[in-house]
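There are two complexes below, and they share chain A, which is joined by chain B in the first and by chain C in the second.
The block that comes next holds the complex of A and B.
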C-alpha cells in the first residue's frame, strides 16, 4: 500500500516549498545584518561589524524608557488576560451548553475584528473617560484584545482533560476553589502558560491601538519604532527589531518546549 | 450518587445531603467564573465597537448621510477598490504558496516536517512591524535588493519595489502566509492518504490521483484559509501603511487618516462599520463551511 504514497512529491515541488519557506524566514534575518552596520543609515555592514547601534539602544534613555513602558504594560495586561481568560475557559468548559459556547465564540471576536475598528471605538471612549495616553488605558485595551489567546489555549488544554477527575475531587469533599487550584489548574498549566506567552507577545508588539490611544506620556517600543521608521532611518531601529525577534523566538521556544513536555 | 450530591454537600457544609438545586447551583457558580471576562469584554470591547456603529449613523447628523460616500465619493471608491484588489491578489498568492507548503509538510518525514513547520510558525509570531520593517530595508530605492542588483551590474537604475502595490503585496503575502498554512495543513493532516494510494492502485496517474482525490478532499481547508486571509487582508494596517508609503491607500490606513488627520469622524466610523459588517458576513459564510472552533484550537 505504502509503495504508492511514499513518494508522491516531485523534487521540484519540494524545492519550491523550501524556497517559499526561505521567503518567509530569510527577509526577517536582514535586521540582524543591518543592526551591526558600521554606517549611520540603514545598510549592510561595509568595512566592519559594529555594535554601536546596540550600544545606543541600551544606553539611550528614550529607548530604555520605551522598553520599560512596553514591559510594564505587557506584564500587567497579560496577568489580567491570563486570570480572567483562564477562569472564563474553565467556566465555559464546565457548563458546556449553547449559551456558554456562544460566550466562548464572542470571546474570540477580537482576533477576527480588524484592530482599526476597535481602535476607533476605544479612542473615542477613552477620550471621554480621560484614559488617553495612560498606562491604565493601554493595559485595559491590551488585556481585552489579549483575552482570546488565553481562552483559546486553555480551552484546548481542557478538551484533553478528563472531567471525571474534577468530579472525583468534588466527590471527595474538596471545595470548588480547592478543585480549581489543586486539580484543574495543574492539569491545564501548559495551556495557561501558552496563553500567557501569546497574550504577552500580543501586547508587546501591538501598534495600531497604541497609535490611537497613546503617544506622549506613554510611548511604547513599537510606537517609538513606528515614529522612527517614518522620520529617521537610524540603524538603531534595526537593533530594536533584532531584539524584538530574539525575544519572540525565545518565548515561542519556551512555549514549544512546554507543549512538548505536556504531550509526554 | 456521590457525584450528584457533592456540590450541594459542600455548598451547605453538611456532607451527605442531596438537594434539587445542587446541579443548578453549581452551574450558577461556574457562571461566576465567566462573569469577570464577559463584563470586561462588554464594557471595553463591545461597547466601544457599538459606539462606532452608532456614530456612523448619527454623526455629524442623524441618518444615512455618511453612507452616501460609498456611492458618490471618488476617494472612498478608490480606497475600496484598492483594498479589494490587494485583498484578492494577496489571498490568491497566499493560498497557492500555503497549499504547496502544506502539501509538502504532510508528505514529509516527521523530522523534516517539524523543521519546516517551525519555518512557518516563527514568522507567524514575529510582529507585523518588524516584518514590514525588514521588507522596508530590503525593498527601498537604496535598499539591499537594489544595492545588490546595481553592484552586480544587472540594472543601472534602482527598481521601484516599495511605495506601490508591488511592495504592499509582497509584505502582505509574507504576513498572511503562515495564517494561510494553518487551516490548509490542519485539514490535509486529516485526509486519509490511503484514498490516494487506492486511486493509484486502481491505475490513476499521479496527476489524476491528485486532481480527482486529494484536491477535492483538501478544499474545505483551502476555502477556510481563503476567507481567513481575505478577512485579515481587508482590515490590515501596519504593512500597507509601511510599504505603501501613503500612495497605495487601503481602507484601514484611510480610516486612520480620516480620524487622526482630518478629524472626519462620520466618514471614519462609516468605513469602519462597513469593514466590520463585511467581515462579519464573511465569517458567517465561513462558519457554515468549516468549524471555526477547530480553526482556533477549540474542540
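The block that comes next holds the complex of A and C.
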C-alpha cells in the first residue's frame, strides 16, 4: 500500500475523485437536514431544528406498521435467499461443469433483467396464483431477486476455498452433511454473511416490484415513502430516509468489518 | 483380527479420463502393516490410484477388497482410511487440537474420549505443547505432524500419504522421513506412500511399486529394484544408470557375449532370455564402474575421455565420453582415487560381467 500512497496524484485526478464522491454522498446528506425541518412540508430547516418528524415516525401507527412489514419481509426473504443461494453456489462449485456454469449465470438473471420487466412478469404470474398483495407474494419476489447477491458472494468465497479440505473431511470420515456444516460453511461464512446483508438491503428498499404486486394489505416502508412524496410531501419521509441510510451504512460497515477479519 | 484379514487387495483396477487411460488394469496386494511406496513420475497414475483407493474417484473396472470386505464402491467416509494430503489440507478455521479431534467428532465419540486420544496422537508426533495454535501459526514441518496425527488418531485401517514431504526443504524432509519410519514401526499401521522422489522410496519402504503410464512396471524390495531393475525406465528412474547397447553374439549358459562395433562385452544374462542376434541393453550403475590403472584386469574395459569431475567430499562423480556408448557416469569413493582426474585426460573404465543388468528397453 505504501508504494501507492507515495505516488504523486495530479490535481485533475484529485478534483475528479472529490467531485464523484460529492455527487455520491451529498444527496444522501440532504435528507438528514430536511428530516429536522421545522416546517410541515419537505424543506430545509428555516428558524430552528426540530425533531417532531422523528417523533411522528416513531409514534405514527402507519409508519411503524410499514417498518415492521418491511422488516418481516426483508428478514424472511433474506433467509430464503441465503439458504437457497448458498446451496446453489456450493452445488455449482462441487459439480463445476458447463451446466453448473450455466445455472450460475441463470441465477444472476434477476439483477440483469430490468426490474420493471421482472415486476410486470411477476405481476401477471402472481395474479394467477392469487399472491398479489400478500406477504408470501412479496417474500417470494424479494427472495428470488435477492438470490443473485448470495450466489455471487458465496461463489466468490468458494473460489478461494481449497477443495482439498472437502476431500480431507470426507477422507477423515465426515459425511457430506458434516463436511458442509463443519468445514465448508465456516470457511465461506464471510461470503454468506455478505450475501445476506446485500439481500436484506435489497428487500428493505425495493420499490418497483412492490408497487406492482402490493396494494393495501402489504404496505412496505419504501411504498409508504413513495406515496408520501406523491401525496403529502410529509417531512416524516426525510426522517425515514435518514433512518434507512443509517441502517444501510451500519450493515455495510458490518460487512466490511467481517470481510476484513476474514482476510486476516 | 488376524493379519491376512486386513490385506488390501486390488484386482484389475481401471480408470480412464476421456481417451486417456490413467490406470490400466492394475493388480496389487498391500499386506497389513506394510510400508508400501508407489513411485512414479508425474502423469504415471500414482495419484489417481491413491484417490481410487481413498474412494475419491470411481473405478471404471476392477475390484478392491479389504480383508473379506468389498470396498470398491464404498464412499470415502466409510472406508476408515487415514489420508495425508500434499500441502496437508489442515482446516484453517480449527486449532491444532480441533483439527486432530475432527475425525473423532464426526464419529460422535464422547468428549473426554476425544480429549484422551487427541492428546495421545499429538504426543506421538511430539506436538503436545502446540494444541491451541492455529494451522497458519505453524511451520511446514509442524503442519505436517498435525496432518499425520489427524490421519492416525481414529485408528484407520490404513494410512494413505500423497507426497506429504514435497513442500518441505531438504533437511526437514530427511527429518520427517525418519519420523515417518519411526511412526510406522511404532503404530504398525499399513502405509501407502505416494512419491516421485526415488530417495524417499528407497530409504523408507518395505516394498516399492514403480508405476508408469498407468501400469506397474516393477515391484519389490528397494534393494531388489535397485540391483535388478527389469526395464531401462526403472534403471534410470531409481538411481542413475549408464546404458550400453549391443548385439548378442553368443550365449554360453549364464554368460553372454555382446558386441558393439569392434568392442566385445562379457555380461551375465541374469533372468533375461536373449538369443544370439538379439539386441541387448545393459544398465550399469555409476558406482559399479571402476578406474583401471596399470595392468589391472576386468571383464570389460573401455577407453574414455574425462569431460567433468566433481568432488562431493566422500566421493567423486566423474563424467567421461566413451567411443562406443556416449557419455558415461561413474562415482567412486574419494579414498580410492589417488590423483586428480584432469578434464581431457584419457582413462580406462572397467567392470565385471555381473556388475551390469540386462534390461528391457521401454524408453
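By definition in this document, the second predicted complex is superposed on the first by the 255 of 264 C-alpha atoms of A that agree within 3 Å, B and C clash if a C-alpha of one lies under 4 Å from a C-alpha of the other, contacts with A are read in each partner's own complex, and residues count from 1 in each chain.
Heads up, the rule we're going with is that a residue touches a chain if its C-beta (ideal position, glycine included) is under 8 Å from a C-beta of that chain, and two chains touch if they have at least 3 such contacts.
Being a predicted model, the structure only gives us computed values, none of them experimental.
In the superposed pair of complexes, A:136 makes contact with neither chain B nor chain C.
Of the two partner chains, neither chain B nor chain C is touched by A:250.
By the document's definition of touching, of the two partners only chain B reaches A:108; chain C does not. In the superposition on chain A, no contact is made by A:55 with either chain B or chain C. When the two structures are aligned on the shared chain, A:173 is found in touch with chain B and with chain C. In the superposition on chain A, contact is made by A:118 with chain B only, not with chain C. In the overlay built on the shared chain, the residue A:226 is in contact with chain B alone; chain C does not reach it. The larger set of touched chain A residues comes from B, when the choice is between chain B and chain C. When the two structures are aligned on the shared chain, A:156 is found in touch with chain B, with no touch to chain C. In the superposition on chain A, the residues of chain A contacting both chain B and chain C are 167, 170-171, 173-176. Every residue of chain C that touches chain A in the complex is listed here, in rising order: 54-56, 75-78, 80-83, 85, 87, 89, 91-93, 102-103, 105-107, 150-151, 154, 160.
By the touch criterion given at the top, residues 2-3, 6-7, 9-10, 15, 26-27, 29-34, 36-38, 40-41, 44-52, 55, 97, 100-101, 103-105, 107, 116, 119-123, 125-131, 133-138, 142-144, 147, 174, 177-178, 193-194, 196-197, 200-201, 206, 210, 231, 234-238, 242, 252, 255-256, 259-260, 265, 268-269, 272-273, 275-276, 279, 283, 292-293, 296-299 of chain B touch chain A in their complex. Within the complex, the chain A residues that touch chain C are 162, 164-165, 167-176, 178, 182-183, 186-187. For chain A in complex with chain B, the touching residues are 1-2, 4-5, 8-9, 13-14, 16-18, 20-21, 23-25, 27-28, 30-31, 34, 41-44, 80, 84-85, 87-88, 90-92, 94-95, 100, 103-118, 120-125, 140-141, 143-145, 147-148, 151-153, 155-156, 159, 167, 170-171, 173-176, 198, 201, 205, 207-208, 211-212, 222, 225-226, 229, 237-238, 241, 244-245, 248-249, 251-252.
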